[in-house]
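Every chain is named by a letter (A, B, C and D) in the order it is written, and numbering of its residues begins at 1.
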Amino acid sequence: MCFTHNFWSLTIDGLNNGFLYALIALGYTLVYGVLQLINFAHSEVFMSGGFAGLFLTQWWVGSGTPGGAESIALVVCGTAVGAVTGGTVAFLLERVAYRPLRRRNAPRLAFLITAIGASFFLFSLAGKLFGRDAQGIPTLYGNGKLFSVFGGDVHLYDVIVAGSACAMLLVLDRLVARTKLGQGIRAVAQDAETASLMGVNIDRIISQTFVIGGLLGGAAGFLFGIANNVGYTMGFVPGLKAFTAAVLGGIGNIRGAMLGGIALGLVENWGVTCVRNSWRDVIAFAILVLILMFRPTGLLGERLGRSA
Amino acid sequence: MDRKFIVRAALPIALGAVALTACSGSSGSGSTGNNGGGGKKTYTIGFQGPLSGGNAALGINEKDGAQLAIDQANAKGDLPFKLQLKPADDQGSADGSPPAARSLIGDSNVIAVVGPSFSGASDAAGKLYSQANLLMVTPSATLPDLVNHGFTTFYRAVADDFAQGPPDADYLIKKAGAKKVFLIDDTTDYGKGLASAFKGELSKAGGKLAGSDSAPQTSTCIPGATGSTSQYPSEASKVKSSGADSVFYAGYYCDFALLAKALRNAGFKGQLMSGDGSDDSKYVQGAGAANANGTLLSCQCSDIASNPNGASFISAYKSAFHVDPGAYSAESFDVTNAVISVLKGLGSNPTRQAVVSAFASVNYQGLTKAITFGSDHNLKVQTAFLYKVVNGKITYVGDLSKLV
Amino acid sequence: MSAQPTEAAATGRPLVVVDGVTLRFGGVVSLDDVSLEQHPGEILSVIGPNGAGKTSLFNCLTGVYTPQQGGITFASTRDGATREHSLVGMKPHDITRLGIARTFQNIRLFNALTAFENVKIGVEAHQRTGPVGAMLRLPRTRREEREGDARTLELLDFVGLRSRANEVSASLPYGGQRRLEIARALGTSPQLLLLDEPAAGTTGAEKIELAELIRRIRTEMGVMVLLIEHDMRLVMSVTDRVVVLNFGRVIAAGSPADVQRDPAVIEAYLGTAGTEGEAR
Amino acid sequence: MTVSEAARPGGPTRTRELLQHRELRRLLGWLGGGVLLAVMTGPQGVIGQPTYAISHALRGGHLVTCLVVGVVMWGLSVGWSHGRESVHAGLAEPRAQLRTAWEQPAVRRGFYLVLLALAIFLPRLTGQFWQGVLVEQIGIYALLALGLNIVVGFAGLLDLGYVAFYAIGAYTTAYFTDTLPVHPPFTINPFLVIPFAVLAAMLAGLILGAPTLRLRGDYLAIVTLGFGEIITILAVNLDSITNGSRGAFGIPSFSIRLPSWLGGWHYEWGLSSLPYYYLLLGFTVTILVLFHLLENSRVGRAWVAIREDEVAAQACGIPPVKYKLMAFAIGASTSGFAGVLYASKISFINPSSFTVSASILILVLVIFGGMGSLFGSVVGAAVVQWFFKYVQKNNGAPIPLIHKKLPIDVQDLYMYVGALLILMMIFRPQGIVPSRRRAREISMAEHGIGGADAMAAPVGSPTP
């Protein structure tokens, strides 16, 4: 009964959410793959991308109303700036917070606690520096309806998110499968010790992994911010959800993160057709707990190396 | 090796600093009652509200309003004593409320308190103030239940949610031409209270409830909130498929902005309406002017800018705090002045007990409303006002009770 | 602990039966149809070149790995009655409590604890104090603590570490750590003790002491020993019977002298002699 | 954090150059720290002016002050790195004496008695505000920290939804005192609620822990985080049971009523803080003693064994899942117990008191005090919570003596919490009152021996 009339529009919303979850989830999964660390501060990498895109577009658009080619340029540049900022923050995070611990062979608990600390530090700092109210990214384009699927309207924003996410996911998948960098990541993920004996520079690979995850997370931050505004604590729930998605797909597994993100986005939105939206998180976390109970390695299993 | 020495070096310093603040902390707590200017005694009016955390903006508005009232009273010089304001930060939460209340209760110079700003904080502090016989007048806590909890010193100098929700429904149906309303609350006590007040009147006004939902506050807006921002597109889908021609949102401005944005993005063209929690220019900023235009907002707060007597308040406020008065600044100003008017009649040695008993019969005409209470400690005349977003500005429409 | 080796032998049943155990990791076969028996009163050695599957066998016996095929049974004697248990699929800690204790190839002591505490953790395997008892210091808890302390000191004495009881285990010399690990394993009151290369990294004098200790474990404690070792001299000096593994298969079994003459064994060792420096 | 940048070894090989190079890097690091400090203590940013806060923080006297602090710290660090040896040598003697003295039971007992006496007389010296803080912020949080310490410190598990059990305790109290929309079969005094609340929290812990504790340790962190969220969401959404976000009002305070044949003596704890303080002090001391006995028992040793080397622990007959579950359940029940105290003290609860930030705060108390150190948990709770409240109370008010405003903005407290967590993990992972055992573990783990937590392989090593 509750599924009938808005199923397709909610499916489209779900896909939209799912692509963003997937982009963020990749950051968790990549880092987990090489370090076996839940990088709690990844949600702040995401947030930093949102802020960077916000500032760029605010400065660019001013009080004007962009259109045509300018709109395209704005979205592209915003995403790029978000990505670069996310990558930078992720890089610094690894350098300043995690590397000293790694050097010292600190216990795993120390990493997790540091990650939580970094997360709190970064979002509070952003709140301090940029103000504590959520801000809207200026209107970049007319969000017209493009076409309908079984009565569910597809808007420009849905296409932008799906298109850019697919492009980035594809590039990443090829990067990990084909390039030397990808080989290095897979080698470190499988066995860091052996990899280092074979001449792989582990520090560099880990840095690069953080940067790649940061690029995707930062880009997601901007794409998310277009529709949902940007605030200093914006990363908390999306981060949690994306981590759930990563576990759902099999943490450490790149394609798993993509699949997990999309699956979570869909299930969440289908779920709330029948119940109140306030139960959304319960659905997400119940899925997490059930998956962990019955298939702890996730839908696709846990190996980063296996994704290629 | 290198790291350890830093710790060893830093720890004694840190400990020293802690010790230093500790010393200063203990010596700084008691305040002196007799060193006011001109040989007059100094009494303190407390303010309890959120000065930090997600709702700090509101608390600071109210604190500044109270401060202005006190500064003006001192400047006038017709009081038998001097007044000062003592702010206590409760972060707007039930948790932070008792310590804040105690810091005011424990200061024997505090003879009345303006606040708390929020309902939850009022609930958590009510007993403490009652036991201490200390007057507490909230300028903004609207949860109807509050007056039924047996707080003997509690007064609500603002209309409760029943003054706002029902006339909102009346207006939306009878004047704005809505027929099917989709009702969304934000799961907070405020949001749920307002939503149920609205819902109760809706069918009486001849409207239909197309659907209802609860969308929790999101982490984008409130630190630590559990709602996920991605709920709003699906909310928009639900609204559209329900066939509603209007949406009433019971919640705060930041999330309302996200909802409005999602609704307009999904092509929903109907009427949007919300209550005092959304009556903030940041709503327009967050949603984007194009999306926010046409939104109806009700508030128990009157529009100080369109108030014929408001000009001097605004200019005084601006010169004191370098910003325009915000939501509830004027209400807090009025409440503080009402308290001061009572103090005036109590001579040079007012006691807490005397203030509480005198306040029951206060009759003060403020900028925003007449402050005089019924036996239930609610305002005798409860009013709410209507606003509308026009061209990206929140503009005053009129007194809700007179509009419908 | 006064069990006599002959007492168990009287039942005539083998203590441990490993029957056709096969263990695979992905495509790699680690153990291939391995069968062996250990009889009560016997010290058995498993030898073989590196990667022959010796430690895998230990891990199957102690429940760390579950073999894909084959069975492992253990005849456990408790309160005078002997019952056979299938070990396949059992959890390591349950196997320990059944009466099989082990040491590790690369010593795994609790490094931040003292020698005393290390052994006491082993001794406490069969105690029953739970959190409530511990917090309230119930009479049973106090009795168990007392008994545990006494037994711990006894065991430290047995391996010659009593004087160093209060030292942090990581600060003990290498041979001392080996002996401490044995004491900890003995603390769990096993009927069978699995020693994984106990002589690795020890000096000549320590090896002699170790051989003596292994013999005393059988004679004084009545505990059978299953030994993995590279040091042939040690193997030959303490063992009753030897099983030789190569590439996960049993290639020979018998008395030390027989095995040494077995051409397949010589072939296996010579074939890998270039890399197998330890097989002196 | 830039400190670590400077502290990292490396650079040219020639000794002289290395030395200069290192000092220079260290100076740069401290200066970077100074800049960061300037930003952290600078003005609050303004919406729409992204550069406002940074540009105002990095100008004039403020920046200079912070840079001077950086340089002074650099000077101190250089001095300390040169003089460290001699200071250590000088301190070795008294330190050893202190240790021998400490090993005398009489000295230890005396020390604790003095502390207890201090704890008894302390609230008499302060006002109502601090008495309230001692109960609601310090006492209850000390209890919470003690419970979490069992989970994090003893068993080495990370529980980020700890506050959920606290909520369960509080709501159980509300239920049995009939302040919720659902009515209990009988109404009882909060004292008598304690066993129910402890049981309910323990059950919740077991239900949550049983499936997840079989998994890797870091999954537990995220599952507990999710569980914490679910509990809050349930409390908000189940209006007909929990009264939604309005919460429960009018929970009675503790009281004792002796039956009439015993004289009918009656005492009610009421609203004032002092009686609650002594009640809490009693509970805290009792729990400290109980947990201390637990730590030095078979169970406590099993926890150490598991967190050091799970495989070896199993070889000693210790079932890891059972013991982890035990730690989890004990932590949860302590939390539930604290929930009862909180609910009846505040007399009003609503879901907003039980958010993830509260879980993190408790974690901070444990880490600051010292993981695995019972006494440390109490000290951590006292110091951190006192500092928070001090900052909050004196927000914007000038500090006497130096007549300057405290440069810490209350709104930024969680920034300092985050920074504190990072700095503690980098510089002093064992906490300010470390447990000796735990400190040893950490230093050994750093030398590549042992794991120091129950999370399997250290970060960066291959998955098992």
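In this section, a contact is a pair of C-beta atoms (placed from the backbone, for glycine too) under 8 Å apart; a residue touches a chain by one contact, two chains touch by 3 or more.
Please read all numbers here as calculations on a predicted model, not as lab measurements.
Looking at the partners of subunit C and subunit D together, they share no chain. Comparing each chain's Cα centroid with the centroid of every protein Cα atom identifies chain D as the most central.
Looking at which two chains touch through the most C-beta pairs, you get A-D.
Using CA-based centroids throughout, the chain positioned farthest away from subunit B is C. Chain centres here are Cα means. That of subunit B falls 33 Å from that of subunit D.
In whole angstrom, the spacing between the mean C-alpha positions of subunit A and subunit C is 50.
In this assembly, the C-alpha centroid of subunit B lies 72 Å from the C-alpha centroid of subunit C. Chain centres here are Cα averages; for subunit A and subunit B they lie 36 Å apart. Among the residues of subunit C, none is in touch with two or more other chains. In subunit B, the residues that touch at least two other chains are 3, 56, 187, 214, 216, 223-224, 226, 282, 285.
Multi-chain contact residues of subunit A (touching two or more other chains) are listed as 100, 123, 127, 132-133, 135, 276, 278, 281. Applying the touch criterion to all chain pairs gives A-B, A-D, B-D, C-D. Residues of subunit D touching subunit B in their complex: 3-4, 7-9, 47, 73, 76-77, 80-81, 84, 126-133, 136-137, 229, 232-233, 236-237, 239, 244-247, 249-250, 271, 273, 346-350, 352-353, 355-357, 383, 387, 389-390, 392-395, 397, 399-402, 406, 409-411, 413-414, 426-428, 432. Listing the residues of subunit A that touch subunit B in their complex gives 5-6, 9-10, 13-14, 16-17, 20, 100, 123, 127, 132-136, 138-139, 143, 145, 152-153, 155, 157, 224, 227-238, 241, 265, 268-269, 272-273, 276-278, 280-281.
Subunit B meets subunit D in the complex at residues 2-11, 13, 18, 20-21, 23-30, 51-53, 56, 87-89, 93-96, 98-99, 102-103, 105-106, 120, 123-124, 127-128, 131, 143, 145, 149, 187-189, 191-193, 214, 216, 223-224, 226, 282, 285. Against subunit D, the residues of subunit A that register as touching in their complex are 34-38, 51, 55, 58, 95-97, 99-114, 116-125, 127-133, 135, 190-194, 202, 206, 240, 243-244, 247, 252, 276, 278-279, 281-282, 284-286, 288-289, 292-293, 296, 302. If you check the complex, the residues on subunit C that touch subunit D are 62, 64, 91-94, 96-97, 101-102, 104, 108-113, 117, 120-122, 124-127, 129-131, 133-137, 141, 144-145, 148, 168, 170, 184-185, 187-188.
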